[in-house]
Every structure is written in structure tokens, then in C-alpha cells.
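The structure follows.
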Amino acid sequence: MDYQQVLNEIYSEITPFVGKGKVADYIPALARVDANQFAMAVVTIDGKVFSVGDSATPFSIQSISKALTFTMAFAKHGDRVWERVGKEPSGNAFNSLIQLEYEQGIPRNPFINAGALVISDLILSLYDNPLESLRGFARELSANSTIDYNAEVALSEMEHGNRNAALAYFMRSFGNVTHNVDQVLNFYFHQCSLEMTAIDLARSFLFLANHGVIPNTGRRVLTQSQAKRTSALMLTTGLYNESGEFAFRVGIPAKSGVGGGIVGVIPQLLAVAAWSPALNKYGNSTAAFEALERFTTKTGVSVF
Amino acid sequence: MDYQQVLNEIYSEITPFVGKGKVADYIPALARVDANQFAMAVVTIDGKVFSVGDSATPFSIQSISKALTFTMAFAKHGDRVWERVGKEPSGNAFNSLIQLEYEQGIPRNPFINAGALVISDLILSLYDNPLESLRGFARELSANSTIDYNAEVALSEMEHGNRNAALAYFMRSFGNVTHNVDQVLNFYFHQCSLEMTAIDLARSFLFLANHGVIPNTGRRVLTQSQAKRTSALMLTTGLYNESGEFAFRVGIPAKSGVGGGIVGVIPQLLAVAAWSPALNKYGNSTAAFEALERFTTKTGVSVF
Amino acid sequence: MDYQQVLNEIYSEITPFVGKGKVADYIPALARVDANQFAMAVVTIDGKVFSVGDSATPFSIQSISKALTFTMAFAKHGDRVWERVGKEPSGNAFNSLIQLEYEQGIPRNPFINAGALVISDLILSLYDNPLESLRGFARELSANSTIDYNAEVALSEMEHGNRNAALAYFMRSFGNVTHNVDQVLNFYFHQCSLEMTAIDLARSFLFLANHGVIPNTGRRVLTQSQAKRTSALMLTTGLYNESGEFAFRVGIPAKSGVGGGIVGVIPQLLAVAAWSPALNKYGNSTAAFEALERFTTKTGVSVF
Amino acid sequence: MDYQQVLNEIYSEITPFVGKGKVADYIPALARVDANQFAMAVVTIDGKVFSVGDSATPFSIQSISKALTFTMAFAKHGDRVWERVGKEPSGNAFNSLIQLEYEQGIPRNPFINAGALVISDLILSLYDNPLESLRGFARELSANSTIDYNAEVALSEMEHGNRNAALAYFMRSFGNVTHNVDQVLNFYFHQCSLEMTAIDLARSFLFLANHGVIPNTGRRVLTQSQAKRTSALMLTTGLYNESGEFAFRVGIPAKSGVGGGIVGVIPQLLAVAAWSPALNKYGNSTAAFEALERFTTKTGVSVF
């Protein structure tokens, strides 16, 4: 398949969707991002790279990082992670707190904020230098040694992190956050501040398409079964309260972030990332969602 | 692949799981089913049939029928069905009513009870002889002209249907049930009472594996896109509050029922059904779930 | 105290509040009531009657009837009523269904709809001719033998009663509604359709001010303790989700209805009713609430 | 009325209730309190004091302090407090967080934890030396200059305060907590650690019975209207999720704490306090509740 041609087509069609919606504005560093940007990149298991648009521009990966930290925890802790977090979709945001109460402090899955905070807490236990380890992992995955946290974003998130602090303290009351909440939040907000280009992002998720092995280095990160299962988890829970819609329309495992990025995986084939900062009402990038739908339609490569 | 060999292996391993859990006992007709039964069947797109156990014994398909009625509605009404029902997973049962209130009478998806009731209401509008049409559709899909409703089960469900009546009246207060509630429930409880064997059931879902066309008759029921999307919906919402777990462990689109059946689809390849009456705490068959996990592990055929 | 003078003052001051809000419009028979009406009446334990405005105009007492049916149940069934219904305020309406689920079908109190439906169910068990008995009781309390149901209102409520039907079926699923739901709703909607003037209404609640004895006939309806306790229940739960506000600003036990009436009780002294059809956002009459606040302020007779 | 005689009778009858239930054990300092203690005290507006049992033993007043801090805020800020907190009962604890979300960070009333935290935040704004001011107020009310915080209890609460921290951060995300959360919690946990005897406690609430004026010093703390309204608030919301039950059975404005104290007010007459550490499942003292019910029954002094 000529992926560059597909990307070119999408790029020429996507303009009406770029800038549609609202850039995340809960922190200044995100609010000032230019809404009229768009990038898309495909990286295949055998190493080919295709891209269009602002694919050399780094952006804040935000919640997409949840799939990376989950992988770090799952790789090292195995199925014991499920003692701390569930695998089920979570329903609407409105219910997040009541569900947490009903389920005794166990978040529904690792990709909602509560779940990612628990994973952060777990990583503080599992790794001696958590922030070093995560950055190293991101660099290895992306084959880009310049990948780093954006300190301004991390700090700014911290200052506006009342909701996440509430979640962390709430779970701490159930014993499901064990470290000091400030430490947990510090790690969590740093992970969210990681910056990548669309190409970096696509390459970083290739290990999932490749059943657990990083193609670049040949290192196995997850077992084949774990990689498939992580993909399943992304398919059912990766796009907030629009996960069902995304599975329905796009049909591939994916993870989104409020920085405007969405990265998806076609098992045994490729990873694909799209980025555009303006978000729909569910917090997913309007144009990136649309671009990915067109990608699976044009290539016919959904998992179904 | 030698599917008969795979089924034989599973059959020899599954005994410890058969009878584990609790047979649905909310109506007498279900309560008296022998818990120690197990059947499994595979039907491939090219018409081969494999089976083990009690695969000639008909059982109540219950909620599995929701995928059939949804298909009837989707086929005839297209994307207008989404004006009446959502596509998102629903979180735990505890939240079902509050979510319905929060979302103004629009159920989260067509596979929870509230959603299936709305689909029933829609079918009463779309088809002149709803019960005739559904039975005819089930017979066509299964290539079995003896498929029928179990009148005793339907009546008994009606008598114990207070919760579903509550849901229907509640949605009627939002205008999302338009017919007389008794009519809606009568259709709904009849659909749940359909009886099939494991072989019937697997064959009935082949049209989804076959991208919308019934292999047996060559009739297109859904477009390719609609078939893929229906599969995506089953993957994210088909097993009640264990949908994430099933996607994670088994990794294929599937639908379960409290009669103990679960049917799954491997796109472009086959449909597989397992049945055993004893249910786990989520209302899914313990042994059928286990059998399907072993099936995708042994064959390596998950969608991921 | 010169109650007539107090009523006259209030009458002259209340104009800006009359018609403010929205007349209940969920059924035609209520929607067409003239919003610009206002009545107020005081009846003392020793039989004096004072009134202003449209005090000879009958109106639909609606939820105020819940205090009458509760009294009938409490009088005959005593503390066993608490096996079926609670005594606690209920929080906002949004939570009504989830609370009912959390508390296993036991409504928080007899003055929310769910609670009144349970009381209706109980009255169907306790009285041979429930509708006769309630009408007789209303006539005895009001000393007015023309008090009757409004058949048109009852029928119309029945046709728009989806929410209440949902509640009744939901509680029936927990075994807390035991009769046929249609019978329960028929009784319930008839009780809501009772019509009284402001004078009838004030007189009807005198037995609570008089510690359980109907002053007119000398018949004891409730024990002194039961009468006090019923008053306490009205104070904490009688005005929907504005009960706290009413207790705070007016400070007397009271019950409101969406017909625009509010009736209050000053223990050992009097009962006072106000009526004006336009409702605030909580479903309480704007002008009647205001009039009662002025009444307790001017007379200094709150219970605190 | 011979109150000493009434107290003596209650004291002789209350033994079966003392020690029934469970002493608050979430912090060590409370857990080690001897469950077999009981005290009761009455102080009349004209200064007479009656008591039985361990009425010279100080105990942790805990949530009873919420009525004192609310008074300080209401006295200084007037009706503007209602911009920050509601006046309605709150339903069961299970719903507290969802209600807070539904109502945009505005707690239902000042006597639930969320509401008291908002009042704490307000007091940090209104008073230059909040802890000094509160202690001074408690000493003035009780006419006891030895009243003080228990530093060990305050510290211990702080260490186990995850739930309250969660509530505070959650409300801070809505802008309804404006100070640093640690400051707010520090004030809040200190207020809870105030220690009083039953006699101190009864005397401290006399100003409410006396329509806003401290009988001892003649200083007006609240206007008459404010005092009545604060009493109404206590009646509808003062005993957690047992407020309705208490109003029903005891019939007076009161406030309870998990230290085992309950203090009630008979307008224009007296204040009465009971204390016994063992709590029922709602967090109210079993024996103190029972003692107060007997007190209003024997004296016939409910507000109804």
C-alpha cells in the first residue's frame, strides 16, 4: 500500500476539520498552542516512515503517556497490576468519582486519570529513578535521544491540578495510593509533559504492533500476550468517553491526549499518529480523529 | 488449522469450569436448566462445522438476541439509530439509571437492557410483523427453520420484568420509547426467549465475520462498514461489565447471554459459540468465557 | 394576634410575587390554570377562620395529599410503615433513582414520589375501599362534604405518568410495591387530583397542630407522639429539594404541591395555607412560599 | 420542671445503651477512649445547671464544632455565606461526591464535611487569627477559659485526613476553596479537636436557645432571625444521615460529633448535651441519642 499517497489525500481533505473545536486551555502553556496545525505520520514495522504536515513539530503528548507508563508497570509487575486497577471502560466522566467510591478506590482502567495516578504510584515503587526511567523508555521507543519533559508544562499542570490531587487523596483513603500525593502528582504531571513529534509518537507505539518487541532495538518490552492485551485495553478505553465511537468508526487500538495527539496501532503492520490541537467536546482532537477514520477507511485496515 | 482438534482439547480441559457459578434463577424456566452442560461449535465462512459436547441441545440465547435485533434496526434505519442509542460502554450496572438520567433517556449502547428496549421500540416502528420478522431472520441466519421463541420463557420473563418495565417507562418519560410499554416488553421478552444450539448460534453470527453477507444465502444484511462497526460495538460492549476483561483476555468481538451462551466472531474467518449455563458474578458463563479464551490462545486468532 | 390584619398586609405586599415562575404544565388541566391567583387562609385550633384573596377557589392539592395518605397509613399501620419507607431527606432529584437503588427499593421518605407510591401500595392493603376512604378522610378533615377528586386531572396524570410508573416498577423489582402497578398509580393519581380551597386546606391540617385530634369532630387520628413526628417529617422533607430553605426561612412544618398550594402548621395554635399557581424552579409556589415567610416573620411564630 | 429528676431517671435507664456500638477508631487518640462513659447536662437560659454521669470529663467535640465555626462565619459574613454553601439536607454519604460535582462544588450544607471545609476556608478569610478566634469564641460561650484544642488529636486527624483532603481539592477545582488546602485542613482538624465537658457543651449552645445572645455575657452573637435559622439548619441537617430520624424521634435542633457528643437546643428555654463514646452505624452516639429522646419525651418539650 502506498501510505504516502494515503497521507497526502488525507492532508488535502482535512483542512475543514483543522482548528475545529477548542484548544485545551486549562494551563497557559497549552492554551497558546496554534490551533491551525496538523501532522500525520505512519511508521511500519519494517521501518518505513511516511508523514505530512507539521510532523517535525513536537507537542505535548499528555494522556498518551498513560500507555507508556502502563507498559512500564505491566512489563515489570505483570498481572499484579490488576490488584490496583481494572480493565473496564468507565462510562461518562460524571460518574468517575462515584464509580471510584463504589469500587472501593480501584479505578476502572489505567487510562482514566485515576488509573494513571495509581500507575504513577506503582512506578514510584517499581523504579528507582522513575522520571529517568520513563524518559529513557520514551527515548528508546522513539529512537530520539532529545525527547524530554517540558518543565513549564509540568509545573503549570501542578498548579492547576486540584482535580487530580482530589482523586489521588481519595484513592489514598482507600489505600490505593501509597506514596505522598505530591510525589505522585509530580511524576504524573511530568509524564504528561513529554513532548514528541507525530513521527516520534508513531514510532514509539510500534512495539505494540510488533507484539511486544521494539523493532528498532529488538528488545522485547512485553510478551506477545501482554502486547495484544494492552492493545485490547486501548481499543476499549483509549479515547475517554469516546472510546466506543472511535472503535466503531476507526476500529483500531489507540490512545489520545489533550495536546491534540492520537496514536493508533495496526497489529503486525504499523503505527499511525495524527495531531491537531483543537479538541472536540470529549477532549479528543477533531482533526486527528477524522484523519484516522479516513486512514482506516482508505487502507481498509481496521482490526475487524 | 484443525479446529476439531482445538475443540477436542478444550473439551477435555474445560470440565473444572463447567457448573462453576450459578445458573440464572430469576425465572423458573431458566433455573431448572442442568448446570453441567457444555457445548462449543465453530462454523467457518466457507461452511465447515466443528463441535463438541451438548452441541445439539437448544438453549435460551437471551441477550445474544440483542445483536440480532440491533442488526435488523441498523440494516433498515442506518445511522439514524444513533439518534436513539449511543455507542459507548456503560460502566457498572449500578450506574445504569443515573447515566440514563444524565444522558436524557439515551442508553449508552444497544447491548445493555435499556438500549435493547429502545431497539425493540424501533423495530416495532420499522417492521410490520416484528416477531415474525425476527424469527424469520434468526431462521435465515442459522439455516434452521425450526428456530422459535419459547413461549413459557417469554411469559415468565414478562412476569418478572419489573426492572425492564421501569427502564422502559423511564425512557418513555424522555420520549425515547414511543410505543405502549407492554408491547415493547412483549417483543423484548420474546426475542430473549429464542432458542438455538451452539451450532445454530455460531452459524447465525457468520454474517459479521463475512463483512455483512450471510454465507449460506449470499444475502447482504449489512454493508461491510456496518458489519465491521457492529463487531467493534460487540468488542467494546458485548459482555456487560466484563467487556473490557473479555477483550483483554479473549480479544474478539462477542456477545453473551444469561442463558450461558457466548458467541464470538473472527473477521473473515469464522464464528465460534460456547455454552454452559453456570454464570460468573457478571452474568457471563464461566466455562464459555474460559473456553473462548483457550480458543483464541490455541489458534492465535485474536484481532490484535 | 390579629391574623386578619396580618393576612391583609401580606395580601397587599404579595403582588410582585404572584405569577412569578411557571405554572405546572406537564398536564393540560394544570397548564390552563390562571397564574395570577392568590389565596391565603388561617384556621385556628379554636375554630376561627381568616382569609384573603381567592380563598373560595378550589385547586389541585397534588403532593400535599401525600401528608394525608401518610397519615392514613401511619394511623392504621403504626411504626410498621418504616419497614417500607425511610424518614430522611432525599437530596436532589437527580439522585432519587440512584438512592432508591442504593437503599434497595426503600424510598428515603413518604413525601417524595417514590415514598408516596409505597404509601399508596400500603393503603391498597390496609383499606377495603381506598379511594372512598381517602375522600371520606379529606371531607372529615376539611368539614366539607363536597371535596372530591378531579377525574380529568387524574386521567391526565395517568397518561403522563411514565416517571411514576418507572419508579413503581423499580420498587416492585425490590418487592416494595406489592400490588399491580396500574392499581397503585390509579390510587396515587387520584389522590393528587383532590381539590380544596385554601380554607379547606388549612382546616384539613389542623389535626397536626392539635396533636392528633381533629378539632371539628374531636376524633383522634394520630397519637400525640405520632402527630409531632409527622410534623417533624414535614419540616425536614415537605418541600422537595427546598425543604431546608423553607425550614430556614419560614421555620414551620409544611407540605407543598405543584398545584401551587403550601400548607403549614403551628403546633397547638393554627394551620395556615397559601396558594398561587406559579412555581419556582423547585416546584414550590413562589408567592405562597413568600407569603408564608412573611406570616411567620410578622407573627413571630416559627417553631424555633 | 425538675430537670435534675429527669436526668436522674434517664441516667438509671440508659445503662443498656452505653457501650452499644463502636467507638470512632479512625485515629488512635479517639480509639482508646473508654466506651463505658456517659454524661448528660442541662443548662437553662437563666443559668441553672443540671448534670449526671461523667459530666466533668472533657471529650472531643468533633463535628459539633461545625455549628460554632458556622456561627462565626454567619455572624461576620451574613447571608453571603450562602454563595458558598447550601441549606439542604444531603442524602446518604455515598452521594456526597456526586452531589458536589452536580452542584458545581457547592456543598449541600455547612454541617457535612465538605460544607465545614468551605466554612473553614471562609474563616481563614474573615478572621486574622482564626485558631485564636475560634478558641476565644469557645471559651466565651462555655464560660470556661481552659477550653483548648487537643494537639495530638489534630495532628492525628491530619495524618488520616485523605478523604477531607480529597474534598478540599475537589472544591478548590471549582474555586470554592480559595486557600492552600493544607491551611484549610489545619484549621479544620484543629476545630474538630476542641475538648469540652457535657456541661461546657450545653452552655456553649445556649445562645441559640436564647435567640442569638450569650446569656452569660449578654453579647449578641447572631440576630434573632439568624439564631432561629441556624436552629432550623441544625434540625434538618445536624445528625448526618440520621437527621430525619432525630427530628422525628427527638424533635429538637441538635448537632452530633463522632466523639460521642450530641447537643440540642430548646428555643427560649435550655440547651442539653449528652455524651457517650460508642456510635451507631450513622456515626451518632447510641446512648446520647437515646438519652435525648427520653429527655424530650419526659419533659414534653419538642418544638412540635
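The first chain written gets the first letter, and so on, giving A, B, C and D; residue counts start at 1 in each chain.
Quick note on the criterion: contacts are C-beta pairs under 8 Å (C-beta built on N, C-alpha and C of every residue); 3 or more make two chains touch, one makes a residue touch a chain.
Remember, predicted model here, so these are calculated numbers, not experimental data.
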| item | value |
| --- | --- |
| Residue-number overlap at the chain B/chain C interface, same or different (half cut) | same |
| Whole-Å separation of chain centres (CA-atom averages), chain A against chain B | 32 |
| Between chain D and chain A, distance of the C-alpha-averaged centres to the nearest whole Å | 48 |
| Multi-chain contact sites of chain B, meaning residues that touch two or more partners | 94-95, 98 |
| Every chain pair in contact, whichever chains are involved | A-B, A-D, B-C, C-D |
| Residues of chain C that touch chain D when the two form their complex | 86-92, 94-95, 98-99, 102-103, 108-109, 225, 227-229, 231-233, 235-237, 241-245, 247-249, 251, 253, 267, 297, 302-304 |
| Chain C-touching residues of chain B, taken from the complex the two chains share | 94-95, 97-98, 101, 162-163, 165-170, 172-173, 181 |
